[in-house]
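Note that chain A is present in both complexes that follow, paired respectively with chain B and with chain C.
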Partner chain A sequence: MKITINGKETALAENPARTVESLLDELDVAQRQYISVELNGEILERDAFGNTPVQSGDILEFLYFMGGGR
Partner chain B sequence: MLTDEQIERYSRHIMLKEVGGKGQQRLFDGRVLIIGAGGLGSPIALYLAAAGVGAIGIADADDVDLSNLQRQVIHFTPDVGKPKVESAREKMEAINPDVRVRTYKEWVSAANIGSIIADYDFVIDGTDNFAAKFLINDACVLAGKPYSHGGILQFDGQTMTVRPGESACYRCIFPEPPPKDAIPTCSRAGVIGVLPGVLGAIQATEAIKFLLAKGDLLTNRLLTYNALRMKFREIPLKRNPACPICGEHPTITEVKDELDALTVCDLEHR
Partner chain C sequence: MQTTLRFDSLLVHGGLEPGPAGATSVPIVQSSSFAYETAEALEDVFRGRAVGQVYTRLGNPTTEALERRLALLEGGGAAIATASGMAAITTTVMTIIRAGDEILASSSLFGGTFSLFRDTLSNFGVTVRFIDPLDLEGFRSAINEQTRLLFVETVGNPKLDVPDIPLLAEIAHQAGLPLIVDATVTTPCLATGASLGADIVVHSTSKYINGAGTSIGGVIIDRGVFDWNSQKFPHFEQFYKKYRAFAFTARARKLVHKDVGACAAPFNSFLLTEGIQTLALRMERHCSNALALARILKRHPKVAWVNYPGLEDSPQHTIAGKLYGGRYGGLLTFGTGEKASAFKVINGLRLAKNLANIGDAKTLVIHPASTICADYNAEEKALMGVTEDLIRVSLGIEDCRDIIEDFEKALDSV
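The block that comes next holds the complex of A and B.
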């Protein structure tokens, strides 16, 4: 199946059990304990990562903390 | 009324139909606060002064350090050891004597931020730690003060403009600061010197557009930039009903210091 992550189309093996949380592990996403996830235009609550399925065609944005400025 | 000298100084503004004499007057009448006189604050302060923004506040408790000069272009080698806000004020006044610069040689905190931002139309976050970034968001949202968020690290930057009550705020995306030391800072992870120039120029543009009331602000969008790949991306955002400060059931009703978000490096600075 195909999903879009941060603007890039990404092909993944079919896995009906895949959740946002398991996807972050599967892709070994940096700082995944702290990133925010927008799924199809909505910010997902962190508590919901583990029970939100990832489906074909989903558009995900991983939003990273960036604390610098000086 | 603009003097002949001002008409000449701002001629390239005045000939723009979006600015004109009226717009230039709006900039003169504008009041912008820059929090942080560092990487982001440097280009912001230089461009806002050059543009003729009438009143510019600049807040930073730090002194200029040799390691700042690779990117903090408002500070020069002879300024090392001088308060950053004084060094910045000298350059801003040298560029444009029309501009009234007010300096705040202090860190923003829950105790002082409300009274500092009260005197300004638009606030720009040029700080380097999450405690300050969340504090600025909270204070601006609670006061209904529009502001520009900016963040940089290594080769990446992000910025968004917040119109409280109308567009997504920083906590709509990031409800809570990350734990202390979870995310590297520039002082530990490095930053390419031109990066804050790119992001700061965008933040200054937002302040100017806001004062002119022209164009579309960077609201409900997070603009991200990667210098290595030379790519800009725009992530559409919307207000989050669960946002702890501007959502339907806010849990934050007054500013507080996010002490847990201070990094060791920040504490060493203080």
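The block that comes next holds the complex of A and C.
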């Protein structure tokens, strides 16, 4: 399936169990505690990372604090 | 790997990343701004899509190395290095409070912080109530609907009173408020923010962390444990939603720290990463020298009184011993009965330097009533524990025998 992460189209293996949390693991995203996630233009609550499924066509933004990355 | 190292090893290796050409000290990146090959790459960094440097006011690789180490030393969290200790306190407080809010603060604060709270913040509609930090019930009963934070020092300077920080943390948390602790005097060596239960720790890094009196700096460490999801903090809502535990650091970085601009200079951050490596060794000596001098002064015929939490008869001895692992810090105060004789002692010292600082490798003295506390009235001085005969001593790491001889000779002149 294909999703868009930070403006880049990304192909991922099909995995119906994939959540935002597991995707962060899968992509080995650094400095996880300082990242916010937007899913299809909406800010995703941090508590929802683990139970929000990632579906084909989703547009995700992983955003660090501006400047210096923190 | 780094987080599993023990404290003294973290002082040396914490947050260190491989440097260019195998360099083992933190490189000084003396650059105001950082170039990107493409407009898209810089846009990504600005938007937060990619980690990167933009401008040294917002972040700098040398300063980030220092921030990583200091956060690890406090038991985890996120750190922001600032231009000075006062900048750290100002940025912290301005991130949390708004006009109409109240702060509960220790009445024995360092003079600079007292001035910020009493004079500067009052111009912005903020009320600060000063309470004896040993009066836990006083703190509890002063909390009202407008209170937004509690602020105390681990050891009052120069009063050397030692509040029970874990109990103050409990009082703050029961009311849904964060406890901000200035731990400059104790450093993470004597107690970490985690062990004290502080939510946010600030330090003037100019002091023991630097260790040689070579630069001014400060740091804010957000332990990422306070729950900002509260009606008391509606201005944290967006930050809480996005960053949860690190809502404070996100708000500070994205607004107050960025806008105030009191950033650390890269060269100063380098000096701090060098200096901090020997902090544990120095603190041991600062503490043992202070205890040795306190004992000598205590039985000296020309000394009227000595205040050092390490003395067994100090009212602070038990709590200080419990919170700081049987180590009592490098500061002591003593009096000779009057201002004139205090001046004679200071003028008679040869090794100890008469200046406005603490935490240097060199032994330092000052007469607070005529210098750092000169702007305060008699009542305020009394709250700060500043008497006309008080001499503050910041013990250095010299051979204790030389320090003692210096003070004995100076006292002979009285």
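Simple rule for what comes next: the second predicted complex is superposed on the first by the 66 of 70 C-alpha atoms of A that agree within 3 Å, B and C clash if a C-alpha of one lies under 4 Å from a C-alpha of the other, contacts with A are read in each partner's own complex, and residues count from 1 in each chain.
Note that contacts are C-beta pairs under 8 Å (C-beta built on N, C-alpha and C of every residue); 3 or more make two chains touch, one makes a residue touch a chain.
Keep in mind it's a predicted model, so treat the numbers as computed, not measured.
Looking at the shared chain after the overlay, A:Gln33 reaches both chain B and chain C.
Of the two partner chains placed by superposition, only chain B is touched by A:Gly41; chain C is not.
When the shared chain is aligned, chain B and chain C each come close enough to touch A:Glu61. In the superposed model, A:Pro16 lies in contact with neither chain B nor chain C. Applying the stated contact rule after C-alpha superposition, one finds that A:Asn6 touches each of chain B and chain C.
Of the residues of chain A, those at positions 6-7, 31, 33-34, 36, 43, 45-46, 61, 63-70 touch chain B in one of the two structures and chain C in the other.
Listed in rising order, the residues of chain A touching chain C in the complex are 6-7, 30-31, 33-34, 36, 43, 45-47, 61-70.
In the complex of the two chains, the chain C residues touching chain A come out as 44-55, 58-60, 64, 67, 78, 224, 238, 241-246, 249-250, 253-254, 258. Here chain B touches chain A in the complex through residues 36, 38-41, 62, 68, 72, 125-130, 133, 150-153, 156-158, 172-175, 178-179, 182-183, 185-186, 189, 191, 196, 222, 233, 235-238, 240, 242, going by the rule given at the top.
Within the complex formed with chain B, the chain A residues making contact are 6-7, 31, 33-34, 36, 38, 41-43, 45-46, 61, 63-70.
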